[in-house]
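To keep things clear, I will list the structure first and then write my remarks on it.
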Amino acid sequence: MLTPTPFPKSFASDNHAGVHPAVLSAVVDANTGDAPAYGGDSWTRAMEDVFRAEFGAGATVYPMFNGTGANVVGLGLTLRSYDAVLCPATAHINTSECGAAERLLGAKLVPLPTENGKITVDGIRGELSALGNVQRSQPRVISISQATECGTCYTADEIAELAEFAHARGLFLHVDGARLANAAAWLDCSMRALTTDAGVDLFSFGGTKNGAMGAEALVILNPELDAPALFLRKQGMQLASKMRYVSAQLTALLTGGLWRENATHANAMAHRLSDGVAGLPGVSLRYPVQSNSVFPVLPEKAIAELQQRYLFHVWDADENVVRWVTSFDTTAEHVDTFVSDIRLAVHGASSGA
Amino acid sequence: MLTPTPFPKSFASDNHAGVHPAVLSAVVDANTGDAPAYGGDSWTRAMEDVFRAEFGAGATVYPMFNGTGANVVGLGLTLRSYDAVLCPATAHINTSECGAAERLLGAKLVPLPTENGKITVDGIRGELSALGNVQRSQPRVISISQATECGTCYTADEIAELAEFAHARGLFLHVDGARLANAAAWLDCSMRALTTDAGVDLFSFGGTKNGAMGAEALVILNPELDAPALFLRKQGMQLASKMRYVSAQLTALLTGGLWRENATHANAMAHRLSDGVAGLPGVSLRYPVQSNSVFPVLPEKAIAELQQRYLFHVWDADENVVRWVTSFDTTAEHVDTFVSDIRLAVHGASSGA
Amino acid sequence: MLTPTPFPKSFASDNHAGVHPAVLSAVVDANTGDAPAYGGDSWTRAMEDVFRAEFGAGATVYPMFNGTGANVVGLGLTLRSYDAVLCPATAHINTSECGAAERLLGAKLVPLPTENGKITVDGIRGELSALGNVQRSQPRVISISQATECGTCYTADEIAELAEFAHARGLFLHVDGARLANAAAWLDCSMRALTTDAGVDLFSFGGTKNGAMGAEALVILNPELDAPALFLRKQGMQLASKMRYVSAQLTALLTGGLWRENATHANAMAHRLSDGVAGLPGVSLRYPVQSNSVFPVLPEKAIAELQQRYLFHVWDADENVVRWVTSFDTTAEHVDTFVSDIRLAVHGASSGA
Amino acid sequence: MLTPTPFPKSFASDNHAGVHPAVLSAVVDANTGDAPAYGGDSWTRAMEDVFRAEFGAGATVYPMFNGTGANVVGLGLTLRSYDAVLCPATAHINTSECGAAERLLGAKLVPLPTENGKITVDGIRGELSALGNVQRSQPRVISISQATECGTCYTADEIAELAEFAHARGLFLHVDGARLANAAAWLDCSMRALTTDAGVDLFSFGGTKNGAMGAEALVILNPELDAPALFLRKQGMQLASKMRYVSAQLTALLTGGLWRENATHANAMAHRLSDGVAGLPGVSLRYPVQSNSVFPVLPEKAIAELQQRYLFHVWDADENVVRWVTSFDTTAEHVDTFVSDIRLAVHGASSGA
């Protein structure tokens, strides 16, 4: 019999988690009377300082409400009206933003086939024959996700190769870094190594999935893209009036290595989970586990049984792939209980019970 | 000599204020472990209940990040690709959203002259000759602000007249209610009397300027507009993943009459301020004070002197009109100190000092 | 009794006219077997030559299908995503293109009050306070019509003043020249004097209303705007595949002064018409006659009676203003017959018959 | 040695051809003085009659300037702001309209893999999991090309299957019929059998590639899509003022079976061409020849040599596929001369000469 408590911990998404206490404290502490609106406050100044410390003195940072907002405003800075974004078919901008890039930017997305959510220079090259052809949208920016939507990571070298390739052809490299922290934690490097130092032009920095309440940011590393950012953020409905409460969250994450601590822990829980199900009959991993998500193939009956008491998404219904995501507040006990229930469900499925 | 402390209280905007303690507590209290994302949480259910209690059982409500977001998503629900919004020339959507309606919705805004920020049926009628003319954008929705950007209010009867006029011609009535609470407080009626009962089709509900941290909402009263709202909110980059922290703020405002208490206080402070400057030489009011803002004409020298120590905006530089806004946390002492400094500045200006 | 023949000649618009024989011949003559598509043909090369001869060696020209297309593609070249077009409230782009600029470009149009359809530097200045303000659409281009929609003309000096004013503030000057030929004919100067030499950055050249079958053009005089024109024309659905048949029309108009001959004649007919009705009881002119249209105020009864047998539009129903437009093929006899019928109708109206 | 005359006949595109004499005559004959603009003329009425005769009494037809215009306006009638178009990856709207659908409609295009340019119900089914998912663009319309960009044709049954599948799920079926005439000629059926009778909701009718000067049309068969068509055509910059000259072309094509005569001839020439190169060493066909284009694989050296004297496009540079298109005025002699030169070039290439 499975554990009776309903939904002891969600494995559906890292945005089912609450707010890390240090982030919440920072929000509460920001409530000290008046402050200028729209980013003219001292918390936003401090936040800019910690981002520059992390990503280099040339980085400019714009708090955003959510990842879609950060992606759309960021990509908007790179695009002319007739431009295309080359991205993995699996990209969040392509599959999970309800067509915001097309609708709000008028951009063409060119989805590329991926290996484990990653694209390579070779996969991009063929699309560049469009350059200069007036009948075709002009490739202008390559957008990748780090970590990818499949939970995998690009190495710093892989990113640098994409950036070099892009720049040599007049293109930009954009990164959807909703889980950049998890990638840096898994690769055991700085976030700077994966962005500034790798030649990335601009990226979305994700805070919400890593312990914030609701705080993302657009970070611009290529200064030639910076000029219209204030206008596009405002027009893009991402300008917070009481910005200090967003900035304070970002600062908290970048202070004392909290971002890494949270991400490292979430990653470790994902590995504990994938280790826990390794070798079970009928269970295999669709993608390697390189951050805080696990994509196992499970027996169909086991999926149905587990979903009665655990929150998680089916990733590929045809092939019985599900997605499990861990977060900063997933505990070893959460995982172990889940693993134990998975084992029961899988064995039950395989025994025909 | 003016009071030395710099910026003792901002009169620039009600979004310079902090968060009301009850709202902040609600946010903190929402941090109890996991909750489904994107509005599938119990705080959002509770928030929907309080909105229905306030605005009627037929109201649907969608939390939004900011007022521009609420306005754009709301108007988007009313518009076909070739439609126009009829709005006061002074409307926030026309003057202060960086062209979001045009850019993100492709909508034409038709700015109408106003009296004290308000439009009437007579001012609208002339535009309706466009109806059916294929060369012209089709008027589809009338959008008004309540309270207006000039701090004035439409009475319930005035709104009902606009709604009736609109509906008789197949148009909708939209209200930008960033300061709806202030209007209801000043008119001493329910918010429902100014919206549901007056025939409004949909409106933006403002929380942030009335003591929230960052919480607005789109409220739909005409059910035929509701169907695509979830898609437009997501595409419009206004879907909060950890929505509970936004919903909790809205619930706090609508609980125990906090919205009215905050708004009534802010309004009272605006009146205290306008009373305090009444009769000063060279000082007059551009608009009647009907909510929480005051638009005085001041001697140019007095403006310059006061801006050295107080935050407030110049509204009309050619005519020396400034805007002072009070908020839930403006105190009588704040006002009295400000008035005292205004008197000094105005007398200094008039004496040629 | 009025002349019995129904609709002997339309005074509704110059696009009710047919095609000038020389233009039609040019189209027929272009039908000589194969030619490369999309402008790679020798007729398009020839057309480019005649435009450069007319407007200067730095002019680039792009045939377009219609005036809306030329205006939208042209303005699109000047605008960033957060920009506004400052234009007369009477502008065709504002009143008669079904919101194309807002929808297809995402642009904000800022309609300015006019005198006889014309705007001045003084009327524009107030809008420039938006520059640099992140809440507001950024004025980027001034767009005027020449001749205006009221049939009046800007002098070369007036255009130069607008251009200088625009350039000094980083703005561009765009001209909707659907009736540029009529303006040049009335002002007795070259089209170049009103465009290239006056500092215009780009303009729409109108052929259709001046004897073509369907041929307009975007002409770019400021080379910094030229680069993306081919892409915007294609994306803007204005790229003719068998372009030679459009180019040939434009060449015909610019050959042997046909454009001036047609426009001068149409203008003369408008003056003959306005002269013919001068002094009639209850008849006055709303705007001075400076090109090929006449805007008389008529007795309401006379309007109704005349519209039974003549095609023309009511311009302002509240004030009984109508619009009469003449064209290259309007004859003196057409006008005289019309005048005679107008006299009968007006006298009938004034006698209460 | 190859035939010396340069470019005796283009095989690059059917829009390199001139205008069929009967179409040109119709244009010339339409030039009989005044006619109301914007489609209020008798030529447009007559054109509507012939379209209803061809496609059924319920068909409404809107002349358009070009195929991109017809496609964009047509698709725009089917789409809400958050909708997606499911189309073959090879579709003209996806590859050859410079992102117009994304930019002007804000639509997401979902490119599907094809077999010879055709998609099937099975290839579409997987995309429908997006229906109802607020994170994803909503599939709303299936768009196919007939003939396809690969020169192949859907049978009437294949179209009916797609239509049935679409309608059962609340989707529409759109056809880009730039070469609909060629398809009907090849399939030896009426155009109605491939559209009205097969359940197509709306389609672009191509005239230009089949002997017109510049005349396409949007034909709406599903009356629920018709209402906003006049507005979208105007806003979409596709409203011809002197429409009679476009309508007359369309009427000419649909009179006396000219459309079929032209298409049948062009198709026959394509087959003569493909027959002529069959069996040559190193030559094979990428796609079956089912209309007026041929896609052979050629030796790289032969391509280079032939392009020195013949106009045609390389379709796939990596695999040495080229595209040859025939038209209504391609003669047997043109083809035979070309074949003879192809033989020389291919043999030269294979002999290493």
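Letters A, B, C and D mark the chains as written, and numbering starts fresh at 1 in each.
Just so we're on the same page, a contact is a pair of C-beta atoms (placed from the backbone, for glycine too) under 8 Å apart; a residue touches a chain by one contact, two chains touch by 3 or more.
Which chain is which protein? Per UniProt: A, B, C, D = Threonine aldolase.
In this text, all values refer to a predicted model and were calculated from it rather than measured experimentally.
Student: Smallest number of touch links from subunit A (Threonine aldolase) to reach subunit D (Threonine aldolase)?
Tutor: 1
Student: So which one's got more C-beta contacts, B-C or A-B?
Tutor: Result: the pair with more contacts is A-B.
Student: Subunit A (Threonine aldolase) to subunit C (Threonine aldolase): how many Å between their CA centres?
Tutor: A distance of 52 Å separates the two centres.
Student: So what's the Cα centroid distance for subunit B (Threonine aldolase) and subunit C (Threonine aldolase), whole Å?
Tutor: Each chain reduced to its C-alpha mean, subunit B (Threonine aldolase) and subunit C (Threonine aldolase) end up 42 Å apart.
Student: Taking the mean of the C-alpha atoms as each chain's centre, how many Å separate subunit A (Threonine aldolase) from subunit B (Threonine aldolase)?
Tutor: Whole-Å distance between the two chain centres: 34.
Student: Note the residues in subunit A (Threonine aldolase) that touch 2 or more other chains, in rising order.
Tutor: Residues 81-82, 97-99, 103-104, 106, 134-135, 231, 234-235, 239 of subunit A (Threonine aldolase) each touch two or more of the other chains.
Student: Could you tell me which shape the graph of touching chains takes: line, ring, star, complete or other?
Tutor: complete
Student: Could you list, by residue number, the parts of subunit C (Threonine aldolase) that touch subunit B (Threonine aldolase) in their complex?
Tutor: Subunit C (Threonine aldolase) reaches subunit B (Threonine aldolase) through residues 81-84, 95-99, 102-104, 106-109, 111, 126, 129, 134-137, 317-318.
Student: How about subunit D (Threonine aldolase): which of its residues touch subunit B (Threonine aldolase) in the complex?
Tutor: These residues of subunit D (Threonine aldolase) touch subunit B (Threonine aldolase): 38, 76, 80-82, 106, 134-135, 138, 228, 230-232, 234-235, 239.
Student: Can you list the subunit A (Threonine aldolase) residues touching subunit B (Threonine aldolase) in their complex?
Tutor: Spelled out, the residues of subunit A (Threonine aldolase) in touch with subunit B (Threonine aldolase) are 7, 9-10, 12-13, 15-19, 24, 27-28, 31-37, 65-66, 68-69, 72, 97-100, 103-104, 208-209, 213-214, 231, 234-242, 245-246, 311, 329.
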